[in-house]
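The following block contains the structure, expressed as structure tokens.
Lettered A, B, C, D and E in written order, each chain numbered from 1.
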Amino acid sequence: MSLFQNLPIAFLILSFITILCALYVVTSKNPVHSVLALILTFFSISAHYVLLNAQFLAIVNLMVYAGAIMVLFLFVLMLLNLNKESEPIKSNLWAIAASISAGLMLVVITASFQKAGIAIMKGNTEEIGLVKNLGRVLMTEYLVPFELSGILFIAAMVGAVLLGKKEKNSEELVNLNNS
Amino acid sequence: MLSIFQNLDISHYIYLSCVLFSIGLFGVLFRRNAIVLLMCIELMLNAVNLLLAAFTEYMGDPNANGQMFVFFIMVVAAAEAAVGLAIIVMVYRNTRKTDVSFLDSLKD
Amino acid sequence: MEFILGPILAAFIARLLGNKLTVAVAGLLSLTGIAILFVNYPVTSLINYQESWKTIQDYPWLDSTIHFTFGMDGLTWILLLLTNGLMPFIVLSMKSELPNRHQITMLALLMQAGLNGVFMSKDGLSFYIFWELALIPIYFITLLYSESGKDNFKHTIRFFIYTFLGSLGMLFSLIYLNSLTESGSFAYKELLKLNLTYQQSIGVSIGFLLAFAVKIPLFPFHGWQANTYTFAPAAGSMLLSGIMLKMGLYGVLRWFLPLCGETLDVFQPYLITLSIIGIIYGGIIAIRQNDMKRLVAYSSLSHVGLIAAGFFTLSSTGFSGGVLQMIVHGINVVGLFYSIEIIQQLSGRNLNNLGGLAKKYPVFAVIFFFFVIGTAAAPLTNGFPGEFMLLKSVFSYHSISGIFAGLTIILCAVYMLRMYQFSMLGVEKGNAEQKIELLQWFPLAVLSIFVIVLGIFPQYFLDIVKPSLDQIMLEISNAKGVLS
Amino acid sequence: MIALLVTFLTAVFILFAGIQKQESQFKNITFLLLLFGGSLALIESQGIINLEPFFGKILEGYMGKEPMLEFGLFRLMAVAIITLIAAFIIALMPATNRKGSDILALMLFSLCGAQMMIGSNHLVMLFLGIEILSIPLYVLSGSDKENLFSNESAIKYFIMGSFSTAILLLGSAFIYGGTGTFYFSDINVKLSFAAHFGEFPILIKLGLVLTLVGLLFKISAVPFHFWSPDVYEGAPNRVASFMAIIVKIAGFIALAQFIQNFSWMQGWYNQFLIPISMITILLGNIAALVQKTVKRTLAYSSISHAGYLLMFVIAPFGTANMWIIGTYALAYGLGTSLLFYFMDKYSLESQTSETSKGFDIFNGMFYKNKRESIIFTVAILSVAGIPSTIGFVAKFHLFRHSFEGSTLLTIVALIGSAISIAYYFKPFKNIYSSEFSVESTTSNSINWIALFMSIVIIALGFAPMFLTHGLLQ
Amino acid sequence: MNSIALILGLPLIGFIINGVIGKQLPKIVSGLLGISTILIAFILTASKLSQFVSNESFSESLKLFTFLNVDNLVLEASFKFDRLSIWMTMIITGIGTLIHVYSMAYMWNDEGFHKFFSYLNFFVFNMLMLVLGSNFLMLFFGWEGVGLCSYLLIGFWYSRPEYGKAARKAFIMNRIGDLGLLLGMFLLIHQFGTLDYDGVIEGISQGKTSAGMLTAISMLLFVGAMGKSAQIPLYTWLPDAMAGPTPVSALIHAATMVTAGIYLIVRTQVLFEMAPFTSEFIFWIGLSTSILAALIGLKQNDIKKVLAYSTVSQLGFMFVALGCGAYTTAMFHLTTHAFFKALLFLGAGSVIHGVHHEQDIRLMGGLKSKMPITYITFLIGTLAITGFPFLSGFFSKDEILTHVFEHNKIGYGLMVFSALLTGIYMFRMFFVTFHGSYRNTHFSFDKVHESPMGMTLPLIVLAVLSLIGGALNLPEYLTHQSGILANWLKPILTIEETKHAISHSTEYILIGVAILVFVTALLFTRSKYVSNHHVPKDEESTGVQGYMENKFYVDELYNTIFVKPLEGLSDILGNFFESKVISPLSFGINSVLTKVGKLNRYIQDGNIEKYLLYMVIGVVILIGINLFI
């Protein structure tokens, strides 16, 4: 068990949970279960962030992903009445094809790291993930993308409204839900 | 707090991220429900996020470029999720389905 | 530049003035063009030419190295004369009642601009551009006014793609040559200076040959020809066969042979073989055609094959004969198509339904006979001297080839006389009542005069082109010397 | 930057001003404002004026680094071209009585994204630009809400787009892992440093490949082209036009800017970019041959153009040759937007008949409206690359340029051009066929903007020295 | 003004005036114009004769302009009078004048009168160019030109399709020969760098070429002669050419044009002297042609066809003479043949005119009472051709036979046989036409009339010439010196005519044989056709005779082995090869591409999941390329 002696036990456990939950996300037939598993995955990833000295990121991840995005997903699922095992099972052929493709991707990518060399520039690793440092970088070096991401949000907002708003002659959303 | 990389190699995180990414990829290929597809894509994005955070920590990047990128990915993911869900809802309104495999009327 | 902008301007004027005056515009333009030719570039100066290909105009075009450069020498001069001289006749071939006459005229004039440019261009890229420019109007002429009804799009698009693909081969070669020059220029002189290696020369040759073989057309590349000629309106057929074919031959003479001289020895036997196959093939097929236009199309294939064969012998006899025959073929084939158009207006052009027209139209029959025997290369008509020189050059190159090429004089007599007999002689069929318009006589008369004049005094024309042909010979031998 | 600002402000202005007004009222204002922005960028790109100091505070780099968003002269020119073409696309859009100008605004937001992509020097900026470009387009392609085709195209575009984004991000992460930076130039420095010692970190290689995949998806190169025919077909016509032109040009210029830093690695990336380029040209052209609807034909034609565009980067090129890309972008933009315009116009006019999508929408166009048919013909000739149009100038540069990189690719591209004639000229059958001659309903109404564009096409084709000696140098 | 220019120019002027404004001119003016141009040319030529008589090496030349000047080859449009060409010119213009006069009467009622005269003038112009040209190119011009005129005149009555066909056949067969001549000219250029007769002769004398090359050149020139002079295998056009008006047959297809081949060989005799193989070849070709044509002539019933085959046969005689190297003799026979064959044709024309355009001799008979002048002149012609002693044909034919005897004994036997056949078919025709009883039921005998003065006058002149023509070259055994013609041609014949190696006694025996042959033929035919009143009938044709009557099926043979396959090939190429090979070769790529394009449907099938899968596979391949290659 020399492999595990070098690994922190926390990393092992978290990775295990992450992968397990992720697998459940893609295999669960009930979309709601998928969402819940995904939230769990996000939680475990947040834990990873903590391990990686990215404390602020861990919090934001929980707030944005687990808190906001996933709730949105859940809400839509409920809205559309998809909280049952509605999805027809794909043929085995698809499963095989998908596994092979994903597996190949995995193999090819991981295979390439046998000779990976990575640049290292040692800084003070303990403080980089703190909000103080991040805020400084965001407001100096990343100011332009930060401001321009405003365009993204306004565009996304307008877009969501455009798609979601009721046209005069369109069918009622409520009526659909009743069916 | 000490860096986790004192007794762990970066490649472990790379492998973990790649596995997560591939699981997401598998989900994208395997699932037919548009919402679940979207979730799988979110999973892929998160794998990337994890990788970026790990790289930042491993390299000790004082500007935390990787982590900054993660923020932007989150921003975009949120926007994407909003728009994507709006599209799915719209499609559901018209077809009462969220199953992408039925959407094949556009073809050669 | 006047030969480029003039026709373009005239095209728009013709379009504006409408149906009635369109002939006047074309005629005036041609007269102006010919006048400019004779005044600015007098024949005596061409005969005593010392310079290889004098630059007369030079305009920067794309960047500092790529120019629109125009040159003038005997060869260019005589082809410009042909182009500008034939144009009014082509326009006149359309009856005044034809509603679209001004449109066709406009396109024909635009094409004239392109053709003039092709013959004058001293820069590879402008040569290519004018080459294509000449193709566009003729495409629209054949598309808009063709007779094949539903299939016309199919025929014309085939014609266009086929020739366009060939042209792209030329573009490839030009770019290839361009990439080898130090200055990145397309100028004729710069390209001539290049010393190609064997492989380079092969590549360049194939590109050029693709363009020229399709345009000429050489034997297996003639697929577009018959249908296009047959279904194009008369003006289109005349433009195609009278002038446009000459583009390919001119390209061979001016561009292909000097620029790819290094490997000519490799290609020469194959090219001559293909040309000769074309001569016999076209001749044999023409024997049994009943559509007069199709017959002339195949005869054109045969004749042009002979010209090409003469060029490929790389002898000055072949060059002189070929150039003379280019002019002569232009005159004869325009005359033939012109006559066929008149015959068609009288009573259709299917030989099975024709006959005895000579009885009602004796003068027309005589003039038509001029074109027939001119094409069949009877002595004292214009077809003879060129064909004599061409056959001689092929025979000197290889006697068996010469014998096969010589079969053309038999085959040509067979199908030309058959056409003449079935249409003009024999029992009167059909009841043509129409009169031939006064204006329609004019081209017939002028062209038939040239049938005789060129047949008796070919040397005066050869004197004009001799300096340029000698220069081309010199360049070829220079290029050949590189590898040996 | 000024163009970006103008575009954004215009978008916000019409978004709020147009809440209750009809869209058509804002079309001309938008057109003029974009024209203004584009012209400013154009003037700036000529070095006549320099507006950058006004934005210096925002754009300047941090701690001696180059700015993330930078508009050098070439990029300004590219921005100008893309803005002007967008202006023309918008001006050519049919006027609708739809209330609210949100679609127009979304287009402008998307244009902002395109401008950002062009100006980006940094992977975060590039990523953000791509997303700002894409997200409005996801919405726009579904903006015809009741139309199932439009819905389908939106969802297809969205899923595939986000999927490719994920791949691009993975690539970015790898690049970061290998070099510790997101700046294009820094990546290059690190890479050349590593290469100097004879190693080429596989991580970066992988990162570059995956990032390129993301960009290749945007310009719809094979095998990442699957979205474009379906999405173009399903999306409303004007959106399809916008996508086909703006996304492609922006995506390609971003790709070129990105890859330009690594031109010393050409031998490496050419080994997959050349085959991709060849396959894209061939597949695009061959598949376009058999399409029955005009829009799909145009979609495949735009795929083939992606292949042509890729030819620019396979040969060594520096900023000196960047203007060639500008020429091509201009030619492609002018020609294709006109094609889409006529497709849109005539499919609307013939909507009464059953088949309002096939080539028969153009039946008898020559006899209905002679002038328009001539403009259309000019546009077709330009896109097909026939001399005396700007399309030829662009293609000539392309062939000449790519010849230094790969002769085989040039030959394939030439063959592709020849094949493309077969479908570009297909409408001529309908336009000029005398079967459809109608004398009664002739009209000579003409869109002045289309006329202007066709004149530009011809003028620049005849006198390209105006481009080479003036605008683009 | 140079007399050559006048001699050449007058017919040309006549042609142009008659051709352009002939329709506006009265017929008499038009006809007289045609006659006078030739007549003046004749007189001019005759006046030149004296200079030749006084000066043995006299020659006169005319250089008009340079026709072509390429690659060190200078081809001048130049003409030359020498003893050979002036001899030919005399024949052409002399007989031409007579035939013009005859035509004026013969064609008076034809609507194409002026056209006919312009064609005739043009023919004379071309024929003069042929014989006067000082190089091969001018000869070729004339050569092709007379072919063209022949085409025009055979097809003169163009509304009859079969006439047009005959005209085309003549032109095309001539063209086949022309090709040979042309190729021979190319070889000459190749060998000697010139086409001038003088240059070529000089080149040969300098030994510029090999024997093999000389054989090749002479063979190719002979191919040209074969076509023009209707020798095997290119003789079939001449009988068909009788479709033209009869004066044309007399002028072109008997007296002048068809002898161009003999002229060519005599002109280039240096070449042929040096090529013994070709001479031998010519000998046998001439011999077999003479026999074959004579055999066919035996069974022909069309009066003009008989004469046509007779012409072919007589031309064969001339070639036999050429093959023996007896050039003077060939020229002699050419001359006498021109007299009596023109006479016979014109006589036949007169008969046809008299019996209202009936040409079948079976429908004639007993015409001697109605057409006395024609009868007598025709008799003279017949006697001349069959070799009645001391008429022109007797001397020339006898001379040929003597040369053949010397050359080849078997050949002599065959020639005698051929001469016998000549006698038989000529007398057969003569007796059936003029003796016996009139047999045509459609055209009453009363209406048969003698031809007008304009037609009979030339007949009489020619009859006189046929009678005394022999005096032009009386044999040595009679006068003990060489004949006029032999003396005349001596300066230009570079090689001495071989002296007769046979004794006078042998010659007398040969004359005896010739007379015997004549008498045999006369008696045989007289007994058959006059005494027994035999009339040839259709059903007689069985066995060999059937073959003879059907011309040995040569036309059919040519049709089967040349024409039909060519037409079939044309159909195959035009209908099958073009559409099944060339078209797919050129445009097949189109359908292939369309098929490939349709395959894309299986990929682009609208299913987004598949798209995603393909994309992933694409990514995997890209990374794979990257990693492993």
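Everything below uses one rule, namely that a residue touches a chain if its C-beta (ideal position, glycine included) is under 8 Å from a C-beta of that chain, and two chains touch if they have at least 3 such contacts.
Keep in mind that what you see is a predicted model, and the values were worked out from it rather than measured.
Trainee: Out of curiosity, which chains are bumping into both subunit B and subunit C?
Mentor: D, E
Trainee: Which chain wins if you rank chains by how close their C-alpha centre is to the centre of all protein C-alpha atoms?
Mentor: Given all protein C-alpha atoms shown, the central chain works out to be C.
Trainee: Give me the two chains with the most inter-chain contact pairs.
Mentor: Chains joined by the most C-beta contact pairs: A-B.
Trainee: From the mean C-alpha coordinate of subunit A to that of subunit E, what's the distance rounded to whole Å?
Mentor: Using C-alpha averages as centres, the distance is 103 Å.
Trainee: Centroid of subunit A to centroid of subunit C, CA atoms only: how many Å?
Mentor: 71
Trainee: I'd like to verify one number: the distance from the centre of subunit B to the centre of subunit E, where each centre is the average of its C-alpha atoms, in whole angstrom.
Mentor: 98
Trainee: If you average the CA atoms of subunit A and of subunit D, how many Å lie between those two points?
Mentor: Between these chains, centre-to-centre, one finds 31 Å.
Trainee: Can you pull out the residues of subunit B that are in contact with at least two other chains?
Mentor: Each of 10, 14, 21, 24-25, 28-29, 32, 38, 55, 59, 61, 65, 68, 72, 76, 79-80, 83, 86-88, 90, 100, 103, 105-108 in subunit B touches at least two other chains.
Trainee: Counting only residues that touch at least 2 other chains, which ones in subunit D make the list?
Mentor: 124, 128, 131, 135, 138-139, 142, 145-146, 155-156, 159, 163, 177, 180, 202, 205-206, 229-230, 287, 290, 419, 422
Trainee: Would you give the residues of subunit E that are in contact with at least 2 other chains, written as numbers and ranges?
Mentor: 590, 600, 604, 606, 608-609, 612-613, 616-617, 619, 623, 627
Trainee: Pairwise, which chains touch?
Mentor: Here the touching pairs of chains are A-B, A-D, A-E, B-D, B-E, C-D, C-E, D-E.
Trainee: Considering the complex alone, what residue numbers of subunit B touch subunit D?
Mentor: Within the complex, subunit B contacts subunit D at residues 10, 14, 17, 21, 24, 28, 34, 37-38, 41, 44-45, 47-48, 51-52, 55, 59, 61, 65-66, 68-69, 72-73, 76, 79-80, 83-84, 86-88, 90-91, 94-95, 100, 103, 105-108.
Trainee: Name, in rising order, each residue of subunit E that touches subunit D in their complex.
Mentor: Touch residues, subunit E against subunit D: 590, 593-594, 596-598, 600, 603-604, 606, 608, 611-612, 614-615, 617-619, 622-623, 625-627, 629.
Trainee: Can you check the complex and tell me which residues of subunit B touch subunit E?
Mentor: Residues 25, 28-29, 32, 100-101, 103-108 of subunit B touch subunit E in their complex.
Trainee: Once bound in the complex, which stretches of subunit D touch subunit C?
Mentor: Residue list for subunit D touching subunit C: 366, 381, 386-388, 392-393, 396, 399-400, 403-404, 407, 410-411, 414-415, 417-419, 421-422, 425, 428-429, 432-433, 435, 463-465, 468-469.
Trainee: Which residues of subunit A touch subunit E in the complex?
Mentor: Where subunit A meets subunit E, its residues are 94, 97-98, 101-102, 104-105, 108-109, 111-112.
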